[in-house]
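Order as written gives the chain letters A, B, C, D, E and F; numbering starts at 1 within each chain.
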Amino acid sequence: MALNEGTRARLKTVSVATITTALFKRGLRNQYIQDVRPLNPDAGPMVGEAYTLRYIPAREDLNPISVFKDRGHPQRKAIEECPPGAVMVIDSRKDARAASAGSILVARLMQRGCAGIVTDGGFRDSPEIARLGIPAYHQRPAAPTNLTRHQAIDINGPVGCGDAPVFPGDVVVGDAEGVVVIPAHLADEIAVEAVEMTAFEDFVAEEVMKGRSILGLYPATDPQAERDFAAWRKAKGR
Amino acid sequence: MALNEGTRARLKTVSVATITTALFKRGLRNQYIQDVRPLNPDAGPMVGEAYTLRYIPAREDLNPISVFKDRGHPQRKAIEECPPGAVMVIDSRKDARAASAGSILVARLMQRGCAGIVTDGGFRDSPEIARLGIPAYHQRPAAPTNLTRHQAIDINGPVGCGDAPVFPGDVVVGDAEGVVVIPAHLADEIAVEAVEMTAFEDFVAEEVMKGRSILGLYPATDPQAERDFAAWRKAKGR
Amino acid sequence: MALNEGTRARLKTVSVATITTALFKRGLRNQYIQDVRPLNPDAGPMVGEAYTLRYIPAREDLNPISVFKDRGHPQRKAIEECPPGAVMVIDSRKDARAASAGSILVARLMQRGCAGIVTDGGFRDSPEIARLGIPAYHQRPAAPTNLTRHQAIDINGPVGCGDAPVFPGDVVVGDAEGVVVIPAHLADEIAVEAVEMTAFEDFVAEEVMKGRSILGLYPATDPQAERDFAAWRKAKGR
Amino acid sequence: MALNEGTRARLKTVSVATITTALFKRGLRNQYIQDVRPLNPDAGPMVGEAYTLRYIPAREDLNPISVFKDRGHPQRKAIEECPPGAVMVIDSRKDARAASAGSILVARLMQRGCAGIVTDGGFRDSPEIARLGIPAYHQRPAAPTNLTRHQAIDINGPVGCGDAPVFPGDVVVGDAEGVVVIPAHLADEIAVEAVEMTAFEDFVAEEVMKGRSILGLYPATDPQAERDFAAWRKAKGR
Amino acid sequence: MALNEGTRARLKTVSVATITTALFKRGLRNQYIQDVRPLNPDAGPMVGEAYTLRYIPAREDLNPISVFKDRGHPQRKAIEECPPGAVMVIDSRKDARAASAGSILVARLMQRGCAGIVTDGGFRDSPEIARLGIPAYHQRPAAPTNLTRHQAIDINGPVGCGDAPVFPGDVVVGDAEGVVVIPAHLADEIAVEAVEMTAFEDFVAEEVMKGRSILGLYPATDPQAERDFAAWRKAKGR
Amino acid sequence: MALNEGTRARLKTVSVATITTALFKRGLRNQYIQDVRPLNPDAGPMVGEAYTLRYIPAREDLNPISVFKDRGHPQRKAIEECPPGAVMVIDSRKDARAASAGSILVARLMQRGCAGIVTDGGFRDSPEIARLGIPAYHQRPAAPTNLTRHQAIDINGPVGCGDAPVFPGDVVVGDAEGVVVIPAHLADEIAVEAVEMTAFEDFVAEEVMKGRSILGLYPATDPQAERDFAAWRKAKGR
């Protein structure tokens, strides 16, 4: 199921926090990827379908430096095959003692038109990655090469990342706060709903900054709040 | 016991580190709130009396999204009732998997004249909160709505926050480094002592930057150091 | 074994990540100091021989504030005796609940010409340290005085720091990402090798930014990649 | 709402695991108290209404050894006032570095007819508690007196214990595996349902030990399994 | 590659500790499954080829209680298909907040002739499992049904378990201490070597209990120790 | 300062919990070794002077299996030199991923008349150690040889163990609950005080088991309790 372009555009205008609330309303409480942060918070919103890579703990005899001479090595293959527009999501078992990837691979991913990269471990060359234009999220910097702790084993299967379930094709959204995973079949409706919620939150934020109480306003249990919101939407054209 | 305005003013001129030393001298070793950091380190010093909110783990049937329609919901009530000049301290059991609050509530708190907000969990809308002028401290960003993990249960009772004991009315001080909790009855004397300590530390820092050894100077076991400090104070009018 | 100045200069031009790979090739997987970060990422590269300080948990009766009146207190002595050009490495047992040191001591270390300071705990006065010109690395800010949790016990013996083994005289290198410890006897050869690796990585990074695939290029299994690199080196004079 | 004696009796015949499944079917996923274990697994099933005690981090000046001379000290008061048949649940913030209680208090609780005691911290005198007849659950032994880290602050309010929400009057059930908290209003129906589930599980366990496959049997999607279960119930009188 | 029956027999006579040393000599440092313990230490040695099951975090909409009605559900399928003589190894991401399996499934596995079961999470019905004759290893008891946190996703692929890499067909050995994973191609030689090492360790243990120093004996750097060992072997027929 | 034999005898009759209270009264809150447990709770009380061994993280090139051929290897030397009657305390940085020692070394220590062994890491051959008569305490079983993670570096210097400070000659006491470290200069007075406290606690325990309230009894704020205790002592000859 390809990501609808309208949905992609909508998701770029809403926050990860708003999306988590829309998911909460549907009984989904674990879609936020825990304990990852953007290397470059200004890289702009990240929206794309999940393309996954899974690591297991490295067995020393299988992970000498020479493995990268194999063009079929899953890490390198994944970097070259992740579809443009997609977000690479790496299951590193929340282990940031060695890198999930470094700046050269992330740069290649960016050049290939991918939408971003997320690991629940760490990246090496993190200062360089922070200067690239592509959104990237990790737990903390991790200089050692991935072979030190991680063996790339699977491409594009279901994985866990930061305690969230991630299925290939799920829609992954990141902002300056963090990353959320929207189940593929919900992406369109969540996007529409989140745009609506964002309009309301923007209205409320303006009212609060003018000094209005949140009681009756947020949520809008006071009919006056509903009327004011309707007027605001009209005035703003939203 | 209201916070003395002279004490408030003095505490705005000293560091959290200096205050922890003054508390250490009195046998208090656990008043620093562990593992929280400022969302906006430039928001200026935070000083105010503690007004607390306590969360327990959320039970799903008691925490649908509709609970916020109740104007008496403790989280919303706390935001509207926290006194101007006070610091809201939230006991989130050090659990940052869901938000303790978001930008709209923090903005309202700011508009109401509160001095700051601290949680040992995380805030959602953290990029927006970082742009508000109010000092805010948390462990890490947490996009999911608080209902996902937290149920607000108590207002203004004694709590733990980041392994520190916090009683309503204690004086909470934050700077670009972190947050410390001064027992209410000690606030005045700690403030005076910390101002004195700060003068000495500023003198020492200047001397060290001129190349002077710390031996005999810090602490001032050498009588010359005492004389130099006296001269410095006179010259500086401190 | 004194640190060769050519080696020091070379190590200032390479990344910690690159060095970890050179160490990995020699079977050394644990030389990266885990979970520390620079207080001032712009302070420039840090290179120097390790001079260590070890803390044990503080016993209250041995650690009143008055201990610093003793000029022979190991923490103060270490600050005054750490050789110019050396990096002070503090084993704080990964405990950041109290400070390993504060801004005055770090300023003194800087004035004495030391190359940097690393703790696997935390520093107090961290905003001030971040403004000093000396590279400093820690886990997180820790306002409470070291006496609260730590007793300085040993100077310049072998220690652990962030799960890495550190022997006095090992060569400690830090950049904006983190810190690595090179065994003394390997420093010269690692420096030379890392400079070579860096040239290749810079070449690859440029190629990737031009749109070239990593397959055959990184590593250079395609003879064309080897030829292109040779040409690049010639053109760049590297 | 008093605990129905039929419900109490039923709950003594079912496992904590079975109850968690019944709660899961109702959307309750967090009622199992995480990471506690029985000091005496043979002490028999524990069933009773929750009577809670809450600790906050100890402030040193408020917690000298002399506080226990106060008969109104919340810890001692709680031990004397916990109703017979109730289970004392202590919120120790999952901190087992100091005791939640010791053998004398637990013995007193037992003598008073209470049904059990649970802490998400640790008990001191744990070998003695293990020899008492009362069910007791903790994280791990903790010899230091509670004053070292804990200040008893609240009696019988809502608390968190091992990441589970606990409201006074909830029904707390423990077996040799662990402890689960049943919301008060669900206790009767859960008890009935769990008895039914237990009958089926016992039937299945017998069949499996005879060599039968779980497919079609567990759950009973094969009509033959349903028929066999009906026959088994009749034969067993359950 | 089927497990050689001589190898299986040999591995039943040696300890997990001895095997880890044999692996260490070959540069393999991460084959011990960290932080798991036997539910029944008396169930005897466990030896078998690894048959794996992988869990990802549960997405609520995909994991209602009704999923088990599907005979193809990977958890149930794995239990029915794990070959006799094999050890089921479950990758539960070290998350023991919900069960990896319960007593009925473990009993079925036992009845089917499997050699044991290991999870880096927890089992439910742990007291019942402890009474079954099959070796079972977990982190700690976990009463909640697996659906609460885990979704079974993959059968018999490479996984991580307790920070160890596990490939299908690796030889898994457990004793009263813990569990180790021997790469399949090394099983035969490790078994032979471990039997030799065990003979020597048994000899040394006897000598030490007679009062002999370990210096020169362990390892046998003193030629007399070698001679004594040779005599001991002859006398014991080992 | 040699351990007084009367003190040793007294300490064998009191619990670790009681000793921690006597230390708490003197302002010492961190002398309990956190998170260690006896391998054989029935091995009897452990009392002896601390003889320490310190590990740092293992550097691979310095820790091949052949290092044990060196009779001067600190681990082996420590085992042969730990004085009879002393307790070996190993600082393993709380890392139980590899062993601190195994059954052969512990047996040798026992044969040499040492009083016990404690590590904040883990032992290998733990089932064998549990069957030896010597008290041994660790965090959890750890089969891999110590060389995998630990390098023995220092003998009999000050160390940390389980977050407690340990100086050579401190008196280490262990029971079925855990281990506490008494500063050497306090051992005699703590021993006497703990014997007194134990008499009172035994009296209280008897009274409580007869049904008496703890109020006024524990502590004995009611003069009648004091009188009853005096009578009890007389009757019991304590």
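Here is the rule we use: a contact is a pair of C-beta atoms (placed from the backbone, for glycine too) under 8 Å apart; a residue touches a chain by one contact, two chains touch by 3 or more.
Since the model is a prediction, treat every value here as computed from it, not as a measurement.
With steps allowed only between chains in touch, the distance from chain A over to chain D comes to 2.
Chains making contact with chain C as well as with chain E: A, F.
Following the contact convention of this document, B is the list of chains adjacent to both chain A and chain C.
When each chain is reduced to the average of its Cα atoms, A sits farthest from chain F.
Here the C-alpha atoms of chain E line up with those of chain F after a rotation of 120°, rounded in steps of 5. Two copies of one sequence, chain A and chain E, touch each other mainly through matching residues, since over half of the numbers at the interface are common to both.
Chain A and chain F have centres, each the mean of its CA atoms, that are 49 Å apart. Measuring from the averaged C-alpha position of chain B to that of chain F gives a distance of 39 Å. Chain D and chain F have Cα centroids lying 31 Å from one another.
In terms of their C-alpha centroids, the spacing between chain B and chain D amounts to 37 Å.
Shared contact sites, meaning residues of chain E that touch two or more other chains, fall at 27, 29, 163. Contacts between chains form some other arrangement here, matching none of path, ring, star or all-to-all. Pairwise chain contacts present here: A-B, A-C, A-E, B-C, B-D, C-F, D-E, D-F, E-F [touch as defined]. The residues of chain F lying in touch with chain D in their complex are 15-17, 19-21, 24-25, 29, 32, 34-35, 37, 41, 163, 175-178, 180, 201, 204-205, 208-209, 211, 213-216, 218-219, 221. Residue ranges on chain D touching chain B, taken from their complex, read 26-31, 56-62, 93, 151, 153-154, 157-160, 163-166, 183. Only residues 65, 68-69, 71, 76, 79-80, 96-97, 99, 102-105, 107-108, 111, 124-128, 140-145, 147-148 of chain F touch chain E when the two sit together in their complex.
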